[in-house]
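After the structure tokens below, expect a handful of questions from me.
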Amino acid sequence: MGIRVAVAGASGYAGGELLRLIAGHPNLELAVATGFAQAGSTIGSVHPHVRSFRDVVLAKTEPAVLADADLVFLALPHGESAAVAAQLPESVRIVDIGADFRLKDPADWTKYYPGEHAGTWTYGLPELPGQRELIAASTRVANTGCYAVTTILALAPLIAAGVADPDDVVVVASSGTSGAGRAAKQHLLASEVMGSMTPYKVGAHQHVAEIKQASGARTLSMTPVLAPMPRGILATVAARPLGAADPRAVLAAAYADEPFVHVLPEGQWPQTGATFGSNSVHLQATADIDSGRIVVVSASDNLVKGAAGQAVQNANIMLGLPETAGLAIDGIAP
Amino acid sequence: MGIRVAVAGASGYAGGELLRLIAGHPNLELAVATGFAQAGSTIGSVHPHVRSFRDVVLAKTEPAVLADADLVFLALPHGESAAVAAQLPESVRIVDIGADFRLKDPADWTKYYPGEHAGTWTYGLPELPGQRELIAASTRVANTGCYAVTTILALAPLIAAGVADPDDVVVVASSGTSGAGRAAKQHLLASEVMGSMTPYKVGAHQHVAEIKQASGARTLSMTPVLAPMPRGILATVAARPLGAADPRAVLAAAYADEPFVHVLPEGQWPQTGATFGSNSVHLQATADIDSGRIVVVSASDNLVKGAAGQAVQNANIMLGLPETAGLAIDGIAP
Amino acid sequence: MGIRVAVAGASGYAGGELLRLIAGHPNLELAVATGFAQAGSTIGSVHPHVRSFRDVVLAKTEPAVLADADLVFLALPHGESAAVAAQLPESVRIVDIGADFRLKDPADWTKYYPGEHAGTWTYGLPELPGQRELIAASTRVANTGCYAVTTILALAPLIAAGVADPDDVVVVASSGTSGAGRAAKQHLLASEVMGSMTPYKVGAHQHVAEIKQASGARTLSMTPVLAPMPRGILATVAARPLGAADPRAVLAAAYADEPFVHVLPEGQWPQTGATFGSNSVHLQATADIDSGRIVVVSASDNLVKGAAGQAVQNANIMLGLPETAGLAIDGIAP
Amino acid sequence: MGIRVAVAGASGYAGGELLRLIAGHPNLELAVATGFAQAGSTIGSVHPHVRSFRDVVLAKTEPAVLADADLVFLALPHGESAAVAAQLPESVRIVDIGADFRLKDPADWTKYYPGEHAGTWTYGLPELPGQRELIAASTRVANTGCYAVTTILALAPLIAAGVADPDDVVVVASSGTSGAGRAAKQHLLASEVMGSMTPYKVGAHQHVAEIKQASGARTLSMTPVLAPMPRGILATVAARPLGAADPRAVLAAAYADEPFVHVLPEGQWPQTGATFGSNSVHLQATADIDSGRIVVVSASDNLVKGAAGQAVQNANIMLGLPETAGLAIDGIAP
């Protein structure tokens, strides 16, 4: 008998990815999966790829249904987690994939999100120094954002080491379409997206606050771009150097023991395709020959390390399981 | 200590997929991986997604290197397996992913392939009646072709049940580009493929002989089409009905106990995306309202059930392991 | 001063393509473009690519607005053309891109479409024998369906010449996503479509009736497949041969003088990418070496020859303009 | 009788695009098209989409063949133009699509390209102040690079107006695969590219020198990324502001009279798909709310404004034709 976990908001892309990961996890067992409009449908009809749970019917998202689990994954739209979480007993562990509990400063919340700030939970990025222990001791963990985790892992060690100027960071990051969710919107139609790159929320993306809080950056320009692929984030982080340290060496030292963060051999650059389906982040860094800027490129799968995989990694730590249980280090390519 | 397996021809797409599956397999251990032009390179440079073996160096493809393994996967270009296999002792089990040993009739070989017919090994499609037992008793197994397995599973039970006319079958099947291999060719460039559907080998594809041999079809028209996606095969099989049996019911009965063959609920049609990364085949069937023809649609991942996954499934059977070990039933989507 | 044309339903994909073609047409001038929900918006915001009309505001779709034009293109949802057409004077020429007036037999309409049969207009496929003259003499023309035109051009000459059996035709046709329109639907999201092939309306597509009516086929099985590309239709037509005539020669003779129908040199197969943006259809045919079936492959751009381009071609004929005016013979690739 | 133009290097993507544009140009006539390996092949077999010239046979690239034309487009690999150009009489106008003659400073050439610096021709970017007149007076024009033109148009007016700091510019730019040419290389295979974003030449791209020379930037970090689409460039230019001027207003004023450069309405961001097939560049700019940086996003079609279209625009100017002749302002979408 495995540890019983619930997935609230199982009909979306992050929810579907959680179901896939739970099905393949040696220690977890699906207690219940819930939805809103899709409650009453089988998982087989909502997520045709998740054959393991094909006959499981989605329940309605209600606290009573979820409270029966040992751990609940919340994969709800931003702003909806707080209400559900408030009705779950402290004994039920929660990993929230939404943004509700990530930010410490209510002013940051108000700047980028509608509604009131719900509070702050332990930030679920185990690769940050000391964070793994905090997660292990928590019953409430706020998962990272997808752009955020991909950028923070590229940037935080450089700022911590005094190698990159926290006051001058420029990020341009491309995301696959699954990052925008499964709601039917015209600008996300295949016809509009295939063959096209489209920037959005230029100069004002909500992950900026989260990236600054967790990476130590103080001033950051970020431009997100929607790319014609279903998954993957490629973040280019251009930071002004302080001193002449080799940025690649700093990153390699920081992540030497991390199973999911891979600083590639010199000269080999990350590509999102190589991270597909895995919980890995691939990194490479160099100094720009014209400007001298540090350029770090970071690739991940937005639905795994950027959402469901990160959530399972956090759950593993909270539950005392091996941190890599049920998570792939290897991507699927081509 | 796991069972020691070797991969010959590890630098191609099927080889890379074998490496990924072996890395995640609970019972197998990589003894050696070999290549030709890429011998001497690390797996990390050749397959950036296979992080588990990133520091393993590809050896040269030589029998002495391979003979040390308990089982050898041959992922070589068509026509090159026979020479290597001839130099391996009988005690070393072999699964050949190439076409060399699939066909029984030398005349079929000569009609579709260059060079001489190498011989016939046990046909590695466990879902055919009685075939699982033959595979278990064999030390030499010829893996299926990717179009072949996708089509045969859709067709064989209908012909066996006397429901479809073996003398009048029309197949149109689309394949992702990885089915065409990793050699650099102009017509496989992303620029040429993205946004375009392109038929090839129209009226004369080499899998026709294999499909006929294993499905019982006697006359078959097949049109293969290159589709703008990296993986996946979608086969549409239109067969003249004999009698009025429900084709879906026949398929559902045939595969009721198969872990990897899924006849979808009525009205739900297969899509290749739902099989991505899995060893599953999804099937659906109906009767055409204008012509009365049986139309079966079959979807699979050409690199898994169509190549490396099928090979691991065969190896599992040959080695007395659980048939599903190391293989995913669930796809990765979106 | 050009001939004044109106586009009703200008906010969809066919409407946008009409705007683009009108902007580049030497003889036509845009009188008005109308929409429903988008009325009041500029064309520049609805169709960012149509810079020529960027400041033109979409009017509401009302007969009074349209009646002022010399010719009206109706690019409305199926079933909505009849009501608008009924309120336009006979002196205003109309080309209807919808299905409303294509079918002759009300029973065919009822079998495949909801609502009542609106009537029958001149069928707008000039490459059919004698049809060009009928179109020239008409003030009301029903444009072809996209699957229909691509299939009919491949099939009609073979049936007319007694070379293909009209009672045994199997068609499998893939379409880019723009053929499904611009309404936001989950199954058309980029995340769902990219990397996947998905059949739909298997055994019961509404274009079957239109294809039979115009090609002479009497029994036809058609399977449509949604392909991961924005535009393009690739139809594979497998017909039982009558006699031993070379199907390619029959097609080449039929279209020798047609500017938009291209029978490719022997051995060169059509690809949808080569027709992108053009009003051309590319054809090739062979005899299957196993079954002897005639296999014709036909490629077109569903928004041009399958919709807006065909409409302009019909308009050119109706207005006495050069038939190719404003239409590209060359595609855009890669 | 049109003006007689030649295309040297007609078998590549830029060459094919030139052929398409020439076929649709009201004043130009194709004198000859040449190739290397493909000499002797028909254009119909090399570029199946260019039906207008389907029976034209590619000649061998030899000066004698080209010298007969009024104007020669050189679409040769970088480094090969100089040798051909040297053998053409001054009376034959030349537009070189390659990089050979773009740079003024031999040191810049040596820093980024192999071989010796060939010299400097008039820089073929008519939208730069005063440049149109220089082009009109030249018989030798060096076309812009594709990244270069997309970035320069975004940046030059801001630096010229003293609004952006020339010493601190960060560019991240994504390109479709056709920008990498048509030679068969493994990393350009559809299997490798689809579903993946891949950076390359990070910190050291050869267009940096060209961008600095033409935009006035003095220090520039540029990261190019290969995107999974056949065409299109999306450049994100993040520049440190000098003063508080509205960058959008500066750009709008600079390009008010330009037919091919479109500053979009406030809030509407460029997308590469909207420029497909057109000679247009779409621009938008804002100030980043966290960092205050100016962020300009610029989109173009790399084969049109980034190569063949720009070349035709330059030729039009050199030949005294209307500058927009034969060039589309409207893109093709979706």
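As written, the chain order gives the labels A, B, C and D, with residue 1 at the start of each chain.
Keep in mind that, in the parts below, a residue touches a chain if its C-beta (ideal position, glycine included) is under 8 Å from a C-beta of that chain, and two chains touch if they have at least 3 such contacts.
Protein names from UniProt, one per chain: A, B, C, D = N-acetyl-gamma-glutamyl-phosphate reductase.
A quick note: this is a predicted structure, and the numbers were derived from the prediction, not measured.
Colleague: Tell me which has more C-beta contacts between its two chains, A-C or A-B.
Modeller: Pair with the higher count of C-beta contacts: A-B.
Colleague: On a CA-centroid basis, which chain has its centre farthest from chain A's?
Modeller: Chain centre farthest from chain A's centre: C.
Colleague: Averaging only over C-alpha atoms, locate the centres of chain A and chain B and give their separation in whole Å.
Modeller: Centre separation, chain A to chain B: 34 Å.
Colleague: When the centre of a chain is set as the mean of its C-alpha atoms, what distance in Å lies between chain A and chain C?
Modeller: Their C-alpha centroids are separated by 44 Å.
Colleague: In chain D, what residues contact two or more other chains?
Modeller: 13, 176-178, 189, 191-192, 194-195, 228-231, 271, 273-274, 276, 333-334
Colleague: Which part of chain B faces chain C closely enough to touch in the complex?
Modeller: Per the stated touch rule, the residues are 168-170, 172, 174, 176, 189, 191-192, 194-200, 202-204, 208, 212, 219-223, 225, 227-232, 234, 236, 238, 269-274, 276, 284, 286-291, 293, 295, 297, 299, 333-334.
Colleague: Within their complex, state which residues of chain D touch chain C.
Modeller: It is residues 13, 16, 20, 23-24, 44-45, 47-52, 54, 177-178, 194-195, 230-231, 262, 264-265, 268, 271, 273-278, 280, 282, 328-334 of chain D that touch chain C.
Colleague: Within the complex, which stretch of chain C touches chain A?
Modeller: 13, 176-178, 180, 182-186, 188-195, 228-230
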